[in-house]
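Each of the two complexes below includes chain A, the first together with chain B, the second together with chain C.
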Partner chain A sequence: MNGHRILTIMRTDLRQLLKSKDFLIPLAALSAIFFVILPMMLLLAIDALGDVPTVQRISETLDVLPAKAQAAIQGSTPSARTQYALAVYLFAPLAVIVPLTISTAIGAATMVGERERGTGEFLAHSPARTDEIYVGKLLASFIPGYAATFVGFGIYAVLVNSIVGPKVGGWFFPTNDWWVLMLWFVPPFLIFAMTLVLRLSARVRSTIAAQQASGLVTLPMIVLSYTQSTGTLFGASAASTFLIGLIAWIAAAISLTSGMRAVRRSRLLGVAIS
Partner chain B sequence: MVDTAALVRARGLTKRFGSLVAVDGIDFDVAAGESFGFLGPNGAGKSSTMRMIGCVSPRDDGELSVLDLDPDHDGPSIRGRLGVVPQEDTLDTELTVSDNLLVYGRYFDLPRRVIRERTEALLEFTRLADRADDRVEPLSGGMKRRLTIARALINEPDVLLLDEPTTGLDPQARHMVWDRLYRLKQRGVTLILTTHYMDEAEQLCDRLVIMDNGRIADEGSPRALIERHCTREVLELRFADFDELDRAATRLDELPHTREVLPDRVLVYADDGDAALAAIHDTGLQPASTLIRRSSLEDVFLRLTGRSLVEA
Partner chain C sequence: MTDLAVHPPTVPTPAPAPAVRLEGVDRAFGDINALDQLDLEIAYGQITVLLGPNGAGKTTAIRLITGALPADAGRCETFGVDPLEHGEDVRRRCGVVAAKPSLYDRLTGLENLRYAARLYEIDGDQDARMREAAARFGIDHALELEVGGYSTGMKTRLALARAILHDPELLLLDEPTSGLDPESSHAVLSLIRELTDDGRTVVMCTHLLAEAEGLADQVVMLEDGSSLVAGSQQDLIAMYWPRPAVLLDAIDGVPAATMEATGITATREGDFVRVEVDGADDIADLVTALVGAGVRLTRVDPENPSLEDLYFRIRRDRAAGVEFGASS
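What follows is the complex of A and B.
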């Protein structure tokens, strides 16, 4: 495979995305809801309520968490412990949902969109091989979702550390487990989902059909990855985290390899369908 | 006959879409430096043939070699040496004119410096230098077509494939495109083009094949095809109404000239149009209008298929 061509394909798609308001506005809105609005509403509400009985009861429910997670919760008051738990265990697994949602939306349109815009013919006639097109498109879908998650969590980290940090002894987020989640866990799940979405995009007749079909594919992926992410953040053993992550990486690699063979140049032209 | 010097060589080339045979076992050779055309109506199999040559649609049967390579195995190498002007302009409308060339050049692994130099030269060649920094969207159809041609030349291709290069353009824009293609031809660039315009084929093609229903009806230079299938001149006769046209068609049987009856006129093939018209007047026929013109590839197509390119 030729790296230059992959990067050219990726950059071309990313540049188009960055110029598209139809992409940027929903991206900003989704990120704002998950990383700013919802967390802030909840954390500030607890701040405002203080240690009232309701918050104390919520704090008591933390007892159902695994012992390792309970031990990690910081804060001396029920409200501080509740805020800490929400910040780390409720919102942080969104690290999986947000990139999957964003990348799926992009990936679903990427192949079929070329055909709909008529630019598939240009790409098909280029010297780029189908596997290079596939990987370039996959990166162009993967990067916005992954990057948006990092940026979103950057903002999230500033906010939660500002609100909750003073009550729990200072800067606490991101935690070590969160880094493991983002660097070891999220990428393979995201790549695996994108390989499936790109295959769908290469086969269906319209972007709408691609998005509907992709939603069905990624929903189970979101549920699966959310549960696994939560387990990681709850302090699953290093061995099990490594093993599940490794399985996800292997599945992603297999799916990526077979996906490369699924793209046909004639499909980019729409010839196979017509 | 095997032409070892051929850049493109096809034997029994076949393309099917389900039960539809789009290209039905055709043979042709394209030599280096030649300007070769596929002439035929929509659905004749021209674009399918071009896509097989362009290594974007696999053949279903037969042999095909492009630049002495097999499209099934050497697609990327072949595509790297081809320039393609598709039927529809597939420019990136969000980019500027020059950026369209700069981005496409990156697909060919060309150094940025080389791409920049070629971009300047190509925009000059296609008379778009003054629009280099403009966005593509507001350009006219003719300008977009010329930019598509410029983009196809960024890798200095051995063969330039042009699929209906002037379809949809106004006459002035068409002539501008023809002029640029003619200059490329003079430089020795091998051109392979499809068209359903006879005048385009006559202007640009050294040699062409006439395609109909996926098959090649005949092959040769425009002049050779005309001489083989037509007389030097064609007399077009129009009549006041259809009844008179029918009666005239019967009366014309008495004359030795070959004729073709179309829904709106009768074509009479003759080496001397004036003499043929005088003979027609002698029969008592009085056409509403007459026109004597030189035979064209349209007449060749009509003689070969029984249909005009337009109605086909």
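What follows is the complex of A and C.
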């Protein structure tokens, strides 16, 4: 494979995305909802309510979390503990869905979009190999979602540390577990999901069909998000955490290799396969 | 025993390999046979025009030539190699302009060219090459604009500039004047003609007969995925109209008796009389004889069949089940 050509394909796709307002506006809106508006509203609401019985009852439900997760919760008052738990175990994992949503939206349109616009003909006749096209487009789908999540979490970190930090002994987010999530878990899940989305995109007849079908691949990320939000994932030992991540990386690598072989030039041309 | 010293063995000089050779190629899409036992040979440095109605297999042939599509059966060779096995090398030596210009609307003209320059890994000063190619097709003034705002003619010019950017040996142009006004079409065809002056091989698909007229070194007529005939326009016309003909008309008509007296068979076609002769000298003799017999000629029009005449003649013969050139 020619890395130079992969980067060229990736950069060109990203350049087109950055020029597209119909992509950037929903991206900004989605990120703002998950990283700013929802967390701020809920955390400020708890702030305003204080240690009222409702908040105390929410705080008591934290007892269902695994021991390791419970031990990590900081704060001396029920409202502070509730805010901490929401910040770390509810919002943070939910926002992991953001990269998947963004990347899926891009990835679903990438192959079929080339075909619909007629630009697939140019790529099909170019010297670029199909595996180079596949990887270039996968990176162009992966990067916006992953980068938006990092930027969003940067803003989110400032927000939750400002609201909750003073009550739990200072800045606490991102936690070590969160770094593990973002650096060890999210990339392979996202790559795995994108390999499937791109294969779907190459096979279906329209972008709408690709987006509908690719909704199915959000399932792995929802599972990841759920396990994290209940603290199960990080209630496990370091060895288990490493092992689960490793399995995800291996699955992503296998799916990537298989996807590279599955894409044909005829898919870019949009001709029926005999 | 042959005396090798006196009669050294003569090694026949191999004919130069064609730029493209397709032999007995089949390609189907589902139940539709896009190509059916297609044979095609394209010589280096020539303009070959693939003529045929929509669905004749012209675009599919181009896709097979670059290895973008595999054939179901038959043999494909481009530059003497299998374009599927050596796809990267073959495609690097080809420049393609598709029926739709295949440009990225959100990118500027320059960004579109740069994308191609990088995919084709053009050495040297890419920027200079891009501007030179754009200037050649008169689109250099619009390189900083987004392609989405281009007219159809501008897009075609940019697509042509992109196709020659990497200095390809073989240019494959699929309906390059589609959607263009007559002036732009004429300009594009002139530019295509210029490209062969640089030694490039050009394959152009079209269903517009007037475009191919006088442009093609070789005409290949396709129908239902097969090649009906192939050859230069002059050779094909000579095959279908082996004897020159002349149309005559006169005040009060050309009398049949006078024609019979000249010994030349004539047929009436509408208001005119069509006469087949053996050569240009016969036309002069015929005119002299007719004038001598008191016929006041108003028209002496040597017949010059166009590509359109040839096309419809071939299709008519095929529909009637007549063998190649047999009805002439």
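Please note the rule applied: the second predicted complex is superposed on the first by the 256 of 274 C-alpha atoms of A that agree within 3 Å, B and C clash if a C-alpha of one lies under 4 Å from a C-alpha of the other, contacts with A are read in each partner's own complex, and residues count from 1 in each chain.
Note that in this section a contact is a pair of C-beta atoms (placed from the backbone, for glycine too) under 8 Å apart; a residue touches a chain by one contact, two chains touch by 3 or more.
In this text the structure is predicted, and so the values were computed from the model without any measurement.
Enquirer: Once both complexes are superposed via chain A, do chain B and chain C end up clashing or fitting?
Expert: clash
Enquirer: First (chain B), second (chain C), both or neither: which does A:Q16 touch?
Expert: Both partners, chain B and chain C.
Enquirer: After the superposition on A, what does A:T175 contact: first (chain B), second (chain C), both or neither?
Expert: A:T175 sits against neither chain B nor chain C.
Enquirer: Is A:T77 touching the first partner chain B, the second partner chain C, both, or neither of them?
Expert: neither
Enquirer: Is A:N161 touching anything from chain B or chain C once the two structures are fitted on A? First, second, both or neither.
Expert: neither
Enquirer: Touch check for A:A128: first (chain B), second (chain C), both, or neither?
Expert: Touch partners of A:A128: chain B and chain C.
Enquirer: Let me check the overlay on chain A: which residues of chain A are in contact with chain B and also with chain C?
Expert: 2, 4-5, 8, 12, 15-16, 19, 118-122, 124-129, 265-266, 268-269, 271, 274
Enquirer: Residue numbers of chain A touching chain C in their complex, please.
Expert: 2, 4-5, 8-9, 12, 15-16, 19-20, 117-122, 124-129, 265-266, 268-269, 271-274
Enquirer: What does chain C use to touch chain A in their complex?
Expert: Touching chain A from chain C are residues 27-30, 63, 66-69, 72, 87-89, 91-92, 94, 96, 98, 100-107, 111, 115-116, 118-121, 146, 162, 172.
Enquirer: For the complex, which residues does chain B have touching chain A?
Expert: 17, 51, 54-58, 75-77, 79-80, 82, 84, 86, 88, 90-92, 94, 103-104, 106-109
Enquirer: Write out the stretch or stretches of chain A touching chain B in their complex.
Expert: By the definition above, chain A touches chain B via 2, 4-5, 8, 12, 15-16, 19, 118-122, 124-129, 265-266, 268-269, 271, 274.
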